[in-house]
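Note sheet for the following structure.
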Amino acid sequence: MSAALLRAAPALTVAAFGLPIAAGLLGTVLPAFGHMPAIGVDQWGLQAWQALFDHPGFATSLWLTLRIGLLATVLSVLLAVGLAGLLATRPAAARLGAWLAPVLATPHSALAIGLAFLIAPSGWLVRWVSPGLTGWALPPDATTVGHVSGLAVVACLLLKEVPYLVLMILGALNQVAAPAQLAAARALGHSAASAFLKVLLPQVWPQIRLPVFAVLAFSLSVVDVALVLGPGNPPTLAVLALRWFSAPDVQRYPQAAAAALLLLGLVAACLLAWHAADRLLARLGRRWIERGGRGGAVVPASALAAGAGLVLLALTALLLLALGLWSLAGAWRYPDALPSVWTLGNWQQQGASLAGPAANTALVALCATAVALVLTLACLENESAGGVPAKRRAGPTGNTGRTSNTGGQRSLWLLYLPLLVPQVAFLFGAQVLLVRARLDATYLAVVWTHLIFVLPYLYLSLADPWRAFDARYARTGASLGASRWRVFWRIKLPILLKPTLIACAVAFAVSVGQYLPTLFAGSGRIATLTTEAVTLASGADRRVTAVWALLQALLPLAAFVLATALHRWCFAGRRGMA
Amino acid sequence: MPMNRRTHLASLLALLSAPTISPAQTAPDWAATLAKARGQTVYFNAWAGDAQTNAFIAWAGAELQARHGVQVTHVRLKDTAEAVTRVIAEKAAGRTADGSIDLVWINGPNFLAMKQQGLLHGPVTPLLPNFQLVDTTVKRSNVIDFTTPVDGFAVPWKLAQIVFIYDSARIPNPADVPRSAEALLAWARKHPGRLTHPNPSNFLGATFLKQMLYELAPDLAAMQQPATDETFARTSAPLWAWYAQLRPLLWRGGRQFPDNGSAQRQLLNDGEIDITLSFNPAEAAVSAASGLLPPTVRSFGLRKGSIGNTSFVAIPFNAAHKEGALVLANFLLAPATQARAQDIAQMGSPNVLDLRRLGAADRALFDRLTPSAALPSAADLGPPQLEPHASWMTRVTAEWQRRTANP
Amino acid sequence: MSDVNGGALQLQAVHITLAGRVLIDHLQATVAPGDCLTLMGPSGSGKSTLLAWLAGTLDPVFQASGQARIGADALTGLPPEQRGVGILFQDDLLFPHLSVGGNLAFALPAAVRPRAVRLAQIDAALAEAGLAGMAPRDPATLSGGQRARVALMRTLLARPRALLLDEPFNKLDAQLRQDFRRFVFDHARQRALPVLLVTHDDADAQAAGGQVITLGRP
């Protein structure tokens, strides 16, 4: 593998998604300030912004967006820490970790639809106790779904964000001699919870900082969950922007662009604020650690957080079950706790139109994952080959204590850009770019657009295990006469096969769940399971929606199962590889 | 797109022809169009939220393939605006030919927007032999859309008319069914929280407000003209007074509204409300047949009449397969197709044709349709009222948003 | 800073097996305060397993029975953090995210207040170890021997009632090994702590000067 090619990898990677994002943003910035000849708007100025601020309910939308974004992030961090602490300190509970992956495979929109059915006043939870325990012959006129506080949206976001952060924390813990440090801390008299919070968490915190940023950005700019569970009048800023982008009155486009840009600014501001708060928290945290407390209040607090985390997992299982029941239901009215008419017809009917979208989804996901994998491995290999010196992230004392770094290349920040910029802010501009290049409605365009979002997740999942690879293996291989390429192919990759396969499964799941990118890049010609699911969901037939939601989740789940099985098959009988 | 002399002459001939001339004799260009369309693939962009419509489009595609060798690909949309956005993007990128959309199912405000922006190819109706059969006198919405003449830039496909649906298990006595604005208010007082309407940013929701405006407005004629601040304030005052009384009695206290008609239909099925509305008069029958609503649902129309409009199919200015699109549009107007579309076992949507212009055999097709107790009778619905000028809808929606923004 | 914790470490009928294979066979031992019991044996003979059992962090795959006491207090049944048993491992396991002073502060009981008193005790402990003024230092910048000493001071600051040493001298070179060994035993004696030393080095056993038990008879 030529060193020159490797050195080009980071630049190539950044270009692969940097260009579309930049072009897309341009395509949003220009209309926001009055330049969009296609609809006859060509007057530079702030009229679009004025229209945005004057829109009735704008302030409410803004506060709602902030509330949902910050609350979801804070709660998901707290619950993830609690749950991760439970899993890391209690070996019996570690088996629960295996259930986290299927939750991540389920797309947000499917979870939203399931949750909406679960918690609605005419929903499943109420149906179990009505009219028997509650006496409600008709559903009560209370608001859960679409409550103005946005709590329903927060709940749905937590369902996926908590497992994601838990997996990130546990993954980072693998790189730190966790059990030994835990034993040492407990020998000093600290409870398990206190040991986790004061010893292990600070060491892995730098590595979950970026995932938390991604969670924050997503919570602020989420669209499909807010559409299903959020208040409609007024909605969040992202939904508002989307509504105006889709309005029949095309004169609303500049306003929509302005809203999308405002959302981008909001995300940036929140990230900065979080960063500052993080710094403050680090300083306060150090004081707290050095006070030597053995964890009086910490134990019940972590137990509460862990408990809440478990409740979330139970909710997810419940709503997936509800979706399953709906997919088999012929008729299911309030207050029946189970469908009154069962049928396989839903699956049969949808099965006919299944093959095309399923094939498209798998094809696009495989291609995007493959390209992302090659780019990621090239970047990581370049890094370990010394192409770019590994940067150390400064911990509280200026050192993370690990000989391999957690900072990595500077381009890591850029890699996160697709996760931090709201999709709605740049996809329209990107579509114009694609059309101009005559690339729209091609598989290439869709794969490329998916690649933008798949790359960060793949890199994130793979970087730490890759960097933690014991360099002595490679050195031994070299001393035995193997070339760089041979060391990579025959030593490094096989040893790191498990994290690589899992990372690929994650990337696959991300690609399957993409909606707006497929829509814009594919010009509607390329139907995937997700576009079909969202489109059919607009017809509000829960039976059809449930079938497609489950199908959407099945493919990534299969990827996860395949990844684990493949690894086990490859290395059956090698206990050191488990 | 400028018409060339030949097409102009052809359309003149078509217009001058007596109504009883059979379609096959007009427009000699039609044979040429058919020949050119053979082998093309038409990308038909249509909202796909309804399984029935999707199945119908699939059937139409199969027929077209068999008869004319034209392949139809149903590009599924969540929202018609997606197609509008795409055409705009293509125009912005300078693509004036080989566009990705050949035919789009469009109505009302979306159509207006496209026509005004010059995004449509046309006029096309003179080119279609079956357009002869379309009713342009009684079903005026086929040629006038929101007081703007269609001018042949879109081809009528199906009719829509506002109809209300209720569950007869909840309202057993048909006499109790509210059939006017005042009756709705009185009914809501007796059953708070059991009535709602879609969010007016959705076409159906806005049409509900327009319908109530028709019910309460002192001067209907004013709404066929563009709205001014003065006329709007005067005409809509009774509406807002009525709505202010109604709002607290609505579902969720009038603070939350379903996103669209389908979502509201689901509320009816869930038992959260008792009355819903739809653009498709056969909605109750079709939904009951497919299990989306209980079999006890019935339809009713308001006593004073209900707003009706037409759904069109239109060809974007840069469509790559215009001939194939024309063939499909023409096929959709064929009597057999329209009769099949109207059957509640298929879509249940009313036809756009003038039945008097049909031969006896074709007319008989419309007598053999599946009956249903949930279908409204023609007497029940009455003739459709025309949509008001587009500016009224914009203003009503904006005013509603202003009044309900802060609960 | 001598502190009489009181109580001898008693092991009664300690029996540990793994999947049928006996590792510790009905061990009976008593270690008086200030004394050192040395456990010797080849690798895999269960020495570290016994220490893990004493500390309360034994992996559930093992089956263990028996009683351990310090003075009159039973250890078995208590969670690790309540046993008051200090451990020194082969690796110093200084927490990399805290400074040297921070590591020591972490171990110092919260009852010691206010902050000034805590800092004073930490500085005193460092001075005792010959590392005066190193509180703000990053542990990674210290030499192996210095880190080992900090690790011991950290363990002692937590006021343990017994001390377990799991081959803590292994990673040190011969001279450092001698010095650190003397350092550990001096402090243990000073605080009258019963010490349990696990090692495979005879020199360590001799320096400990107490009873020697050899494990791992097949």
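Note that the chains take the letters A, B and C in the order they are written out, and that residue 1 is the start of every chain.
Basically, contacts are C-beta pairs under 8 Å (C-beta built on N, C-alpha and C of every residue); 3 or more make two chains touch, one makes a residue touch a chain.
Just so it is clear, the structure is predicted and the values come from calculations on it, not from any experiment.
**Student:** Which chain's C-alpha centroid is most distant from that of subunit B?
**Tutor:** Greatest centre separation from subunit B goes to chain C.
**Student:** Kindly indicate the chain pair that has more C-beta pairs in contact than all others.
**Tutor:** Chains joined by the most C-beta contact pairs: A-B.
**Student:** Go ahead and note the Å separation of the Cα centroids belonging to subunit A and subunit B.
**Tutor:** Here subunit A and subunit B have centroids separated by 39 Å.
**Student:** Return the distance between the CA-based centres of subunit B and subunit C, expressed in whole Å.
**Tutor:** Distance between chain centres: 82 Å.
**Student:** Starting from the mean Cα coordinates of subunit A and subunit C, work out the distance between those two points in Å.
**Tutor:** That gives a centre separation of 44 Å.
**Student:** Specify, in ascending order, the residues of subunit C that touch 2 or more different other chains.
**Tutor:** none
**Student:** Using the touch rule from the top, collect the residues of subunit C that touch subunit A in their complex.
**Tutor:** Answer in residue numbers: 52, 55-57, 59-60, 79-82, 84-87, 89, 91, 93, 95-99, 101-102, 105-110, 112, 118, 138-141, 154-155, 158, 160.
**Student:** If you look only at subunit A, which of its residues touch subunit B in the complex?
**Tutor:** 36-40, 55-57, 60, 120-122, 138-139, 141, 143, 146, 148, 227, 231-234, 243, 245-250, 253, 330-331, 333-335, 341, 349, 353, 428, 431-433, 435-436, 438, 440-441, 519, 523-525, 527, 531-532, 534-544
**Student:** Which bits of subunit A are touching subunit C when the two form their complex?
**Tutor:** Against subunit C, the touching part of subunit A is residues 91-92, 177, 180-181, 183-192, 194-195, 198-199, 202-203, 286, 289-294, 395-402.
**Student:** Looking at the complex, which residues from subunit B come into contact with subunit A?
**Tutor:** Residues 43, 45, 47-51, 54, 73, 75-86, 88-95, 100-101, 108-110, 112-113, 117, 192-193, 199, 201, 203, 251-253, 255-257, 259-260, 262-263, 265-266, 269-272, 291-292, 294, 394, 401-402, 404-407 of subunit B touch subunit A in their complex.
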